[in-house]
Each structure stands twice: as C-alpha cells, then as structure tokens.
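Take this structure first; my questions come after.
Lettered A, B, C and D in written order, each chain numbered from 1.
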Amino acid sequence: LLNYLTAGESHGPQLTGIIEGIPSGLHLDIDEINNQLKKRQGGYGRGNRQKIEHDQVTIVGGVRHGITLGSPVALVVNNRDHAHWNEIMDPVTPETPENTLRKVERPRPGHADLVGGMKYRHHDLRNVLERSSARETAIRVAIGAVCKQLLEQVGIRTAGYVQQIGPVSTDDQLELEVTKIENEIANNDLRIVDQTKVDEIHDLIDKTRKDGDTLGGIIRVVVDNVPAGLGSYISWDTKLDAKIAAAVVGVNAMKGVEIGDGFKAATSFGSQVMDEIDWNKDDGFFRNTDHLGGFEGGMTNGMPIIVKAAMKPIPTLYKPLQSVDVNTKAVKKANVERSDTTAIVPASIVIESVVAIELAKALTDKFDADNVSRLQEQVAAYRDEIKHY
Amino acid sequence: LLNYLTAGESHGPQLTGIIEGIPSGLHLDIDEINNQLKKRQGGYGRGNRQKIEHDQVTIVGGVRHGITLGSPVALVVNNRDHAHWNEIMDPVTPETPENTLRKVERPRPGHADLVGGMKYRHHDLRNVLERSSARETAIRVAIGAVCKQLLEQVGIRTAGYVQQIGPVSTDDQLELEVTKIENEIANNDLRIVDQTKVDEIHDLIDKTRKDGDTLGGIIRVVVDNVPAGLGSYISWDTKLDAKIAAAVVGVNAMKGVEIGDGFKAATSFGSQVMDEIDWNKDDGFFRNTDHLGGFEGGMTNGMPIIVKAAMKPIPTLYKPLQSVDVNTKAVKKANVERSDTTAIVPASIVIESVVAIELAKALTDKFDADNVSRLQEQVAAYRDEIKHY
Amino acid sequence: LLNYLTAGESHGPQLTGIIEGIPSGLHLDIDEINNQLKKRQGGYGRGNRQKIEHDQVTIVGGVRHGITLGSPVALVVNNRDHAHWNEIMDPVTPETPENTLRKVERPRPGHADLVGGMKYRHHDLRNVLERSSARETAIRVAIGAVCKQLLEQVGIRTAGYVQQIGPVSTDDQLELEVTKIENEIANNDLRIVDQTKVDEIHDLIDKTRKDGDTLGGIIRVVVDNVPAGLGSYISWDTKLDAKIAAAVVGVNAMKGVEIGDGFKAATSFGSQVMDEIDWNKDDGFFRNTDHLGGFEGGMTNGMPIIVKAAMKPIPTLYKPLQSVDVNTKAVKKANVERSDTTAIVPASIVIESVVAIELAKALTDKFDADNVSRLQEQVAAYRDEIKHY
Amino acid sequence: LLNYLTAGESHGPQLTGIIEGIPSGLHLDIDEINNQLKKRQGGYGRGNRQKIEHDQVTIVGGVRHGITLGSPVALVVNNRDHAHWNEIMDPVTPETPENTLRKVERPRPGHADLVGGMKYRHHDLRNVLERSSARETAIRVAIGAVCKQLLEQVGIRTAGYVQQIGPVSTDDQLELEVTKIENEIANNDLRIVDQTKVDEIHDLIDKTRKDGDTLGGIIRVVVDNVPAGLGSYISWDTKLDAKIAAAVVGVNAMKGVEIGDGFKAATSFGSQVMDEIDWNKDDGFFRNTDHLGGFEGGMTNGMPIIVKAAMKPIPTLYKPLQSVDVNTKAVKKANVERSDTTAIVPASIVIESVVAIELAKALTDKFDADNVSRLQEQVAAYRDEIKHY
C-alpha cells in the first residue's frame, strides 16, 4: 500500500523521502516536482531563508528514464543552508565546544521546543527544532507532487490556495473548477483568487512584520473529477475524510480542518446543507450543490472535494514571547530562529500535497495499482459502471 | 498496541466490539460503561428509537471477575429493536419476498446511501444504511468507556459536552476543569454548561421538529491532567492531534474539527495566540493560557486538551429532500428512516469516547502497558521526571 | 483492507471474531463454516473436551440473508464447556474464594503460563492460559472458512492436511491437486493422504497416550489455481510468503515453516531446485516442477502454493514435567489442564485457515474488492492478461 | 513505533533507508555499521561485484554529533558500480537506444523476473531485477546495525552465522553464548563455528563454481540476554516469533525458518522437547535447556533466542536454466546477471540484521523508548521485577 517516510533536519545535509506503492509506468515530470517546490518557497511574507534555498529534487530510487518502476521512490532535497551549519549539524563528528554553538535553551512558545526537550531528554533544544521545523514539509511537497501526477493520470486534479490571511478573507464566491482556480492564483504572490484583495493583504503583512508579529490564515484545497466511492463507511478508520483530516492536522501549525461547509454546517438547518440528488441519462447521478465538500459517509460522492485548514500564526516572533531557560530556569525572552511573517502561502502547497497523498492512497487502495495503465483501465471502467448505476 | 474493531448493523441482532491492548489488572466498572451508554441515548431532541433501546453492555471476553486479563476485551450491545426486524435483518435465511420488505430505494442526501450502493453494488440501500447508521456509535461509546476508565487510573479525566446547537451558542467562558464541567452539564438535558440557554434551545428544537427539519451543532471535549509528551513531532503520523482529528471526523456527521482556538487562531496575530512559558519550583514548567488546546508540535504540552467538533444536521428530514429512485430513476422524495431532530447531545458522548480512545492509544504506546499497576508506576515516575526537567 | 481480531477465553462464555474487508455480495455457506469447525474438532488423538464442544458458528454482523454486506462480519462460537465454569470464568462478579478455585500456580513448561504471569503480573496463571489456549483457534478457523469461500469464488482452492505425526512420515509422493488431496484425506481420521500409514499411526498415538506423553507433527497446505503476482518483491513486508510464514508461526505450537522444498532446498544445488520456465500458446508461461512452492520474489508464480508447518508436541503431559510454584517457589510437577495426545489433525485445519486468510488479504489488496462480482470480473481479466503476457 | 522503508536499485545511484522510532541519545558507532556492511560483502564464494563495492554508510538524517536525535534516521549506501551503469540506470533522462542496452528478456527461474514483469507490465525485466536483487539487503544490514547497537545498550547481543552450506553441516554442538560464537566465526571466511569443516567447504564451493552451479545453506541466529516477556500470546499478530518468521522469510532466497528445535521438535515426543522450569534465589526462574529457542506462547522466555533460516541456492547459474524470451516466446537459456556461487555467508549477516530489527521493535513497543537512558532505566527495573516474580 502507498505509504511514506521522511527524514532530515532543517539545517542538516538533506531531506530524504521514500514513498512506497507508486504504480509502475508513471511518467514522472521532474520539472513539475520542482515547480511545486518552488511554489512552496514563494509567497509574500516569507523570510530570508528562502533566498538561500532553491529547492530541487533529486531522484535516487524507483525511477528509470523518467518512468517509475513500481519499486519505492526515493527523493532528496538538499539543504543549501547546510553549508553554513555543517559543523553544528555534523551527523558524525563528536561534540566539541565549537560545534555546539547556537544552542537553543529558551524554548519558543507554540513550538515543539519545550515538550520535545522533556520527552526526548534534550537540553539543547536545537535537537528538537531541527526536526520539528516546517523545513520538513519541502520533502512532503515533493512526495505530494508525485502523488499529484499519479492522480492526474486518472483525471483527478488538485488545487491548494489561500482563502484568508489573518483577519482578511478573500474568497466569497466558491469556485470548484481546479483549472479556473489555478488561473486566478497564478496572478498574484498570495495564492488568492480574489485579485482585489492583494494590496490590502500586502499592507497587512508589511505592518505585521514591522510590529515583530506574525500571521496565520485559512487554506482551501479543491479536488475535482474524483470518482464516487473512494473511502468507506464501514468503519471509522476507512473513512477518507477522516484520513484527510489527520493529514491536514499533521502539517505544522494546523489547528483546524473543515470538510465542505464545516463549522457553518453545524449552525445551519438540515434543509440548508444537504446536497439533493438528481439524475440524467448522460451523467447518471449528480448534485447541484456541494455543501458536504464531496463526502458522504466518509466516501467521495463524485462532487469536488473541499477541504479547509486553519493555520495558526508562526510562533517565532521577532518581538519574542516570555520563556524560561531550560537549564537555569531564569525567565527570559524566547529564542529567535530565523522565520517568516506568515507562511500561509507555502502552507497552501503543503496542504494540497498531503491531500493529494491521501487521495493517492485511497485510489491505490481501491484499484489494482501495480501499473498505471492497468489502473487507468480500471478507473475508466469503474467510472463507467457507476455512471450507469 | 491498542486497537479495535466493531461490527453490527442498526437493526441486526447486536453490536460487537473487540478492543486489544487494554492492560491487565484494570478493575472495570460495568455500571460506568452502561452509564455512558445511557448518556448517549439521552438528550432533548432525540426520536423514538431511544425509547425502544436501553443499551446495556455484555462483556464476553478479556475480563474475569471484573478485572481485565490483558487479552482482547469483547463487548456486546444488543439491539432490542431487532425483535421487530428479525426476519428482515436475518443473517442466515435466504431472501424471500417477505423478508425483503422495507427496501430503501430513494437514497437520502447527506447519508452514505447512494454512494454506498454504487460502491458495493447494492440496490436495496438498506444494505448500506444498516451499517452506516450512527447506531454503531453505541459500541464505540462502550469501547471509549473502557478507555476512559483506563485513563482515569493515571489521573486523566475527559468530558464531552455541547457548545452550540444550530444557531445558538452556549459557552462564552471556557471552563477547563473536567469536574466543574461535569457538574454543570448534569443539570440539564442538553449537556451544556450555561444553564441560562436551556429554554431557548428547547424552543429551537421544538420548532425545528415541527418544521420537519433538523439541527447540528458544535461539541467540545476537554481533557485535563494529561502529562506532557504524548504524541510526537518526528513525523506527521506520530502527531497525536492529527490522530484525534481523524477520530473526530471518523464519527458520523462530523464535518470539522478544531484544536484549541482553531479557526479563530488562524485569524489572529501570533502575539495573541501563543501560550507563554512560565516555571516555578513546585510545578515545573507551566502556562497561564491554553490557546493551543494542549498541543504543541503534535504533542500534549501538559495543559488541558481542547477539541471541538462540528456536526452537520441529521440528513434524514421528515420534510424530505429530493432524491431519485435508484432502480426506476424517477425523481422522488428521499426515504425516511426513523430519526432524531438533533443528535448533538449523544454525539458529545461519542466524541468524548473517540478522544478517550486516541489518548489511551497514545498512553499505552508510550509506556509499558502490559499491566495497569506497572503503567501507573511508570506514569508517576515520568510525571515526576518532567516536573523536574 | 482485510483484517481481523478475535477475543475470548478457553472456558469463557464465547469466542468472538470480527473480520473487516470481506467484499459485499458473497453468498456465505454457514454449513461450510460449521464443517470446518467440525473438522477442527476431530481427529484421532484428541482428548475429552471435544466431546463436550460441538462448535457452531453464529453470525451476528455483516451478513443479511446469507449474503455479505461489505460491512465487518462478526462471528461467535459459544463455549459449551462454559456451563461448567460459569462462576470461575465469570466476567463480572468480583472474586470470591469459591469462584477462584482451580488456580494454576505451577506453570507448564512449553506454554505461555510462566512468562505470561511475569509480563502481565498474574499470579493465578489461569489468567494466562485461558487466552493462550489453542481453544482460540476455533474462531480463527471460522474466519478462515469465510476467507476460503471468498477464494473459491475466484477459483482458488486450499487444502490442509497432515504429513507427519511424531516420527512417522506419510506422504512421499507430492500431490498438488487440491481435489485429489481432499478425496484422500476424507478416508481416514488422521487427515493423511497415504492410507497405508493409518494403523501405524493409530498405534503410535495409543502408545504415546498410555505413556502420558504427547506428539507433534508436520502439516502441509496446498493451494491451487492461484494467479501469478499476489504479493510483491519491492519491500520485505510486501512479500506474501513472509506474511504466510508469520501467520503459520502465529498459530499455537508452531516452531517452523517451509515454502516449497524449504530446508531441503538449502542443502541442494541450484540446478536441482529451480523451476524452469516454459510457455505454450494455450497456457502462456508455466513450470513443470514446483520446488519453490509457488513463490518467486515473494510473489505467487502461478504454481500451487506449498507451505509446511512444524508443530511441537503438546506441552501438557499427563506425566508432568518439572515446574516451580510461582507463589511458594517450591519445585513441583506442572499443573495438568485437560489436553490431547496430539492436536496435529485439528492443527492442519487451523494452518489451512490462516493461509487462506493471508491469501484473501493479498487478493483483496491487489484487486478492487468492494464487491465479489466486481472482484471476479477483475480477477478473470487479470488471469487473461497474464496468460497473454 | 519503530518501522523502516528502503529504496534503491542494484545499479542505481544509491540505496536509501529511513528508520523511524530509534530513541534519542543513542551513541551511534558508524564504524560498527560499516563493519557489518563489510561482513556482508565478505565470505568465500562471492562473485566479482564485491570487489567493486566497498560499502560505506552515510548518515543524512536523525543523528547529530554521533548521537541520535529521536527523529527518523536516514542512511545511504552508495552503489560504486553505478559509475558503470549511470546511463542505463539514469533516473531522469528519457529512454534512448543507447541507455536501454543490457535488457533482460529471458527471465531467470527462481528470481522475481517473470512474475514481476507480468505484474508490473515490464518487458525489460531489468526493471524488476534491479529492485528484487539482494543488493537491497546492504541497506537492511545498515538499519539492522543501528538496531543491534540499540539492543546492546540494554545488554542484548546478537550473532548470525552459517550452520550448513549445501550438503555440509557444520555445527553439531549448539553454542548459546554470543561472545563465544563471535570468537569462533571470526577465525574463518565462512562464518562457521566448527573450524574443522573449513577446507571441506572451500572445496565444495570451488567445485560448484567450476560446475556453473550454486549453493544455499542454513543460517543460525542466536540472541542472548533477552528479558522474558517481549511479544505476547494475546493475538497471533502480537507473537514475536511470528514477526521474526516474517522478517526471515522476507529476506531474498529464504524458504524456511525454525525457532529452536523447529522441525525436529515436530518429530519428537513432548517429554523430549519442553524446557523444564527451575528457580533459584539469585536468578529467579530459569531453564536448563533451550529446545524452544527462547519462545513460549510467542513471547521471549528469558532463554537465548535461536532462529534458523533455510536459504535456497542462488538462482542465477552460469550454466543457465531453461527460460523463454518474454517478447518472442522463443525457448532460450535464462539471462545471466553477475552473481555468486553462494551467498550464505553474507546472508547470515542479513538474517542477523532482520532479527535485530524485530527485537528492537519488540523492545521499543514494550518500553518507553523516547530516550535511550530512560529505556535503560526501564529495562533494568523490569529485569529486576521479573527476577523477583
């Protein structure tokens, strides 16, 4: 079954990912993986690290002549910044006074620092933050880009974008066609569909940066052309929306997730939020609304998937919060590790990626996914079958 | 490791659950399991089925003389209503015209009916709804009640209650002590802490029922006295908040989940939503706020866990929505299966239960959980260790 | 995915099993399940308990009118012997001097008794042996019988039989057709194919019983008509032979497993043990030998699967071994719990069952297994495809 | 929980492994990993490839200054031979006539070639064999070497060696002390304990090579100082011996596995093969024999673990077997890919490695394994507890 592991520290030599279960025969477009990596590095509001890194994937396993073999795919994204940290983050050389500089001893509230130290018995919290850092999401984006290409082979398209930054909401009209969304968000550096909000948000980010403060936001992922019947209702852990919820909250800084109308559905009447069932000869069964975000009973229902994710503001403030030195117990300002004002723009790519991964899992779970052409044949036959249900 | 499976249809003979990984030596209070089952059946706004069922658990494995053996625990909750359905839901006797009455052929929007039929090639959608029905949550509550008792053995307490019903919000002041919450919600039939809202919500439910409509709502679960360091940041699927998110969305009708401030955090500034770090000699490290709902980096941070769940209104309306007969393709009103006006009150117990299950998993993952007294020794030693970190 | 849990103690009220992932639409023959249960109770060399039990399965979930729903299937096998143990094995009533009679305090070498007591902090080792007892395999046989019926729907047939009892080997000529094996083993009460050995083995068992000793043996499972390509070589834990090895050793008393020629292959030359490749227009690729037992690279290769299992003799001797009282530390003879002289005959059904379960997992992993007729279509198309490879 | 993935093709750029769940604070001796890699490359009977490769591990994640961080550990072993294959095995450049030379179209019986081609729709079987090759075991040895070091931190020692090569058995006297075994096998290039058999086996290998044939053999792994109570009897998939069986059969070319006396136990009487229970004040409970190989009820029982693995001869013969061209269907001799006469010596390291991995899993499952010093404290306390049971 499709599953993956990642490894690598923020300033270590590289990020490594292995994904198992990608069918053989997939023509993998490496430029497209790098394109997703580039999008993750972009966006108004990012700090200086992104000027150092220009993430490029290297494929070191599972692919030959640009085509997947069916064996596990191994991906590497090098950390260019490691050049400045090669002693401090050396995997092998024993500790010396010189290579243990830049200790982190004043844990940053909102990060894993303090609890990570307690749990793993670290007293230099760099040993925690190097892994808990969102730098790791670069390799998840690379893995997600592979899954995205797999989904596209059976016509499933994904788009992740920014719906709200701090207090400013941007999209009142819900667009459900991925191509249209992609066209709109390409026109600005905020990945928002509503071009009229760009200036207001730029100003907000600028002001927030000056204040030494940070911003979060809300991300939306839309997936269209998904066949009905991925996931199942038979047990809680077969529900695909539940798996997507885990994948979303499993991304750094995410504090909430919604499917379709989400919390708004909770405050409405039943007659307002169900998607009535219709049928015609050409399309079979269909709906005219999508309040439920493409899910009924934990299964895709053929309507576009709509997932929203709530990202808390970045916890590293240049106007630092109160902390306590873990060794001396003195009350101090928290450490400051180089950071962004907001990472909502790149996070929209990360959330898109993890949703794509979960969909690729569900797809390959249901169908024979040994080979991509056999998979295409099966999905086509199944789409036809349910159209004539 | 702690894991479980459930089986059983809504009008079948019984619900069955097996949970593996419960430590030996746990004194299991069966009345307390039944008490949770009773709470799940209660609440203003429920329909008539609850008058038929008086759920009682029967323990058929893994327990001897009221004490767990360490072997898998098997639980049964009989469906009293099965008496009225014993032919239609007979597991063994082949189909006859008589025992296939009460077919469901007009799928209810918002339920698994239609997609379930397509996926599993059913044309009597009763074959879907019997399992997708929220009746299954009764056995999950029984399993959760076992986990809740396990948690209590190491001092961890859980409370699930109703925060909002339809448009009416009920709790502006956030109470984080489980005992106080329990005391308040025992005073009304809505499981809300704010007694002043009871009449308003009763009226709302009455009016909604008369309109043939339904209501959803928002549930909050609070867990206090949790040690820091359950879950981990090292990989997305080790994050405990992500697992809780899956468990919550894995409950019927849930369309959203929040940890701590959730979506509100997404629209605030970083300086407003982090929980600053403090320390004193008696308690070690602590926080004075809990915006992050007890989680940093996917790990518990020692503050109370706060989880919110958004439940959509029940999709079965007595004023039914449009549907299409799956066999004739005629546009018709959806089938009506006996249902509630709102199930938000019982759902608060279900959400509490699944959160308790995930916490019990995390607890038994981290510690040696073969035997409950050894587990207690370990948790006590660990609590002491991190207090002196 | 297809997975299952079981619960229940040897003298508790019942054994319970839940299996998830069985496709919808499977016509389940309950008599056939009971037939497997009956075979498991038979065989020369069994003790008196089998005269008490007449195992019958009850289906309590996942099946309606004899047809699976796609939801988890719940099975129950009642312990008739529980009537004699209902106080001692009462799940609920607290301990009393009366209901804690028949304590086991002298652990039997070769059983889980002693280590189970240490691990789970039990001092009445009945708390261990009630679960570690091979009584549990009755429910695994029931689950296996469901899987066996699923396999038969796509033409895959399984047979488990006895190859050796103690020092007496019985099958020099290897038969690979399941139907022929089934015919032969039905002719005796030892489940052996070589009728000429029946008397010799009866005598051996009789003598061993008189001596207060016990016997083990060797079991063979043959599976024919398996399509090539179940399992995979891409990672160790995708190899189907590895999963079968775990399932076999996961059965009580099994100390070894072989695929095909097994240990004999290890002592032969390469030119002797490979199955040369041939091809003709009608059959596609095929082999004329089956030294590798139907597996290459962890995948089925289209030849019959051959699995052998080594069962140690039953550790409960009527001429008991040395033990030590866990409470007093006095050296004593081990407890004697009612037992058989040999359980090799029933064990052959258990091994067949667990092999069938693993094959059903592999089958449903590879193909779309939501519905049995869709599964049949897919398997037929795949068989045809690889025939024309 | 401790788990891992590997990726990489035999002639691709590198082998990659990620292992998750290694505790923080483990001082990792890289030389010791390389030492295990070197042992895997040695042994009489290997072919020429080992003269090209001098495997060295590179750590690219999860370790800082030689100490594990608790985050996933990423390991790389470069394929030096890739220099000769960089076009043919290029991951990115599209296919050209030049870079698709050295096609494999005559599948080798006994390898994954043919079935892999059918399953994954490959027609150049190099796309199969590059992954199914035992080259992959190099990275499993590296991962196993990390686990071995973890085990050593709690006093558990492992040794893997050769018991039999082809028809020649070498160890009649069973040594159960790892240190003594290590001393003996260091004295020859066959990893056998019985020095008197070295010449005979050298001659056998030489003659077999001249004949263009190959040899398999039998491997034994001994693990001493294991605490009682790893694994459990409560369910089949909690049994540690079952997991070890899967890990062993999951290694290329393994066709059988035994625990303790294995198949010999199956042919003996019960009174001959149980390990009687004894007790003294200093040691607590103990045994004087180890027929059951350190396992009762799927749990370690405190005696040394004894695992045997049967390795079939290498299927690539220089005197090739019959095959069929997958494209033309002409009967031909199988392809010859550079290979060894026997790989039993390196395989003994591989089997040791996978046993070490499973033990490390069982250890970290049972105890709090976040940090190695806390783990040591827990294991010590537990060892003391069960000594005084």
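Just so we're on the same page, a residue touches a chain if its C-beta (ideal position, glycine included) is under 8 Å from a C-beta of that chain, and two chains touch if they have at least 3 such contacts.
Remember, predicted model here, so these are calculated numbers, not experimental data.
Trainee: Sort the other chains by how far their Cα centres are from that of chain D and give me the top one.
Mentor: B
Trainee: Between chain pairs A-C and A-D, which one is joined by a greater number of C-beta pairs in contact?
Mentor: The comparison resolves to A-D.
Trainee: State, to the nearest whole Å, the distance from the C-alpha centre of chain C to the C-alpha centre of chain D.
Mentor: Distance between chain centres: 27 Å.
Trainee: For chain A and chain C, what's the span in angstrom between their mean Cα positions?
Mentor: 44
Trainee: Between chain A and chain D, tell me the centre distance in angstrom, where each centre is the average of that chain's C-alpha atoms.
Mentor: Distance between chain centres: 36 Å.
Trainee: If you look at chain A, which of its residues touch at least two other chains?
Mentor: 5-6, 20, 70-72, 119, 131, 229, 232, 234-235, 370, 374
Trainee: Where on chain B does chain D make contact in their complex?
Mentor: 1, 20, 70-72, 229, 232, 234-235, 238, 365-368, 370, 374, 378, 382, 385
Trainee: Please give the residue numbers of chain B that touch chain A in the complex, ascending.
Mentor: On the chain B side, the touching residues are 5-6, 107, 109-119, 128, 131-132, 140, 164, 166-167, 208, 211, 213-218, 228-229, 232-237, 239, 241-252, 255-263, 265-271, 273-279, 285, 287, 292-293, 296-302, 310-315, 317, 319, 321-324, 326, 329, 331, 334, 354, 386, 389.
Trainee: Quick one: in the complex, what on chain A touches chain D?
Mentor: Touch list, chain A to chain D: 3-9, 12-16, 18, 20, 23-25, 30, 59-67, 69-74, 89-95, 99-100, 119-122, 127, 130-131, 370-371, 373-374.
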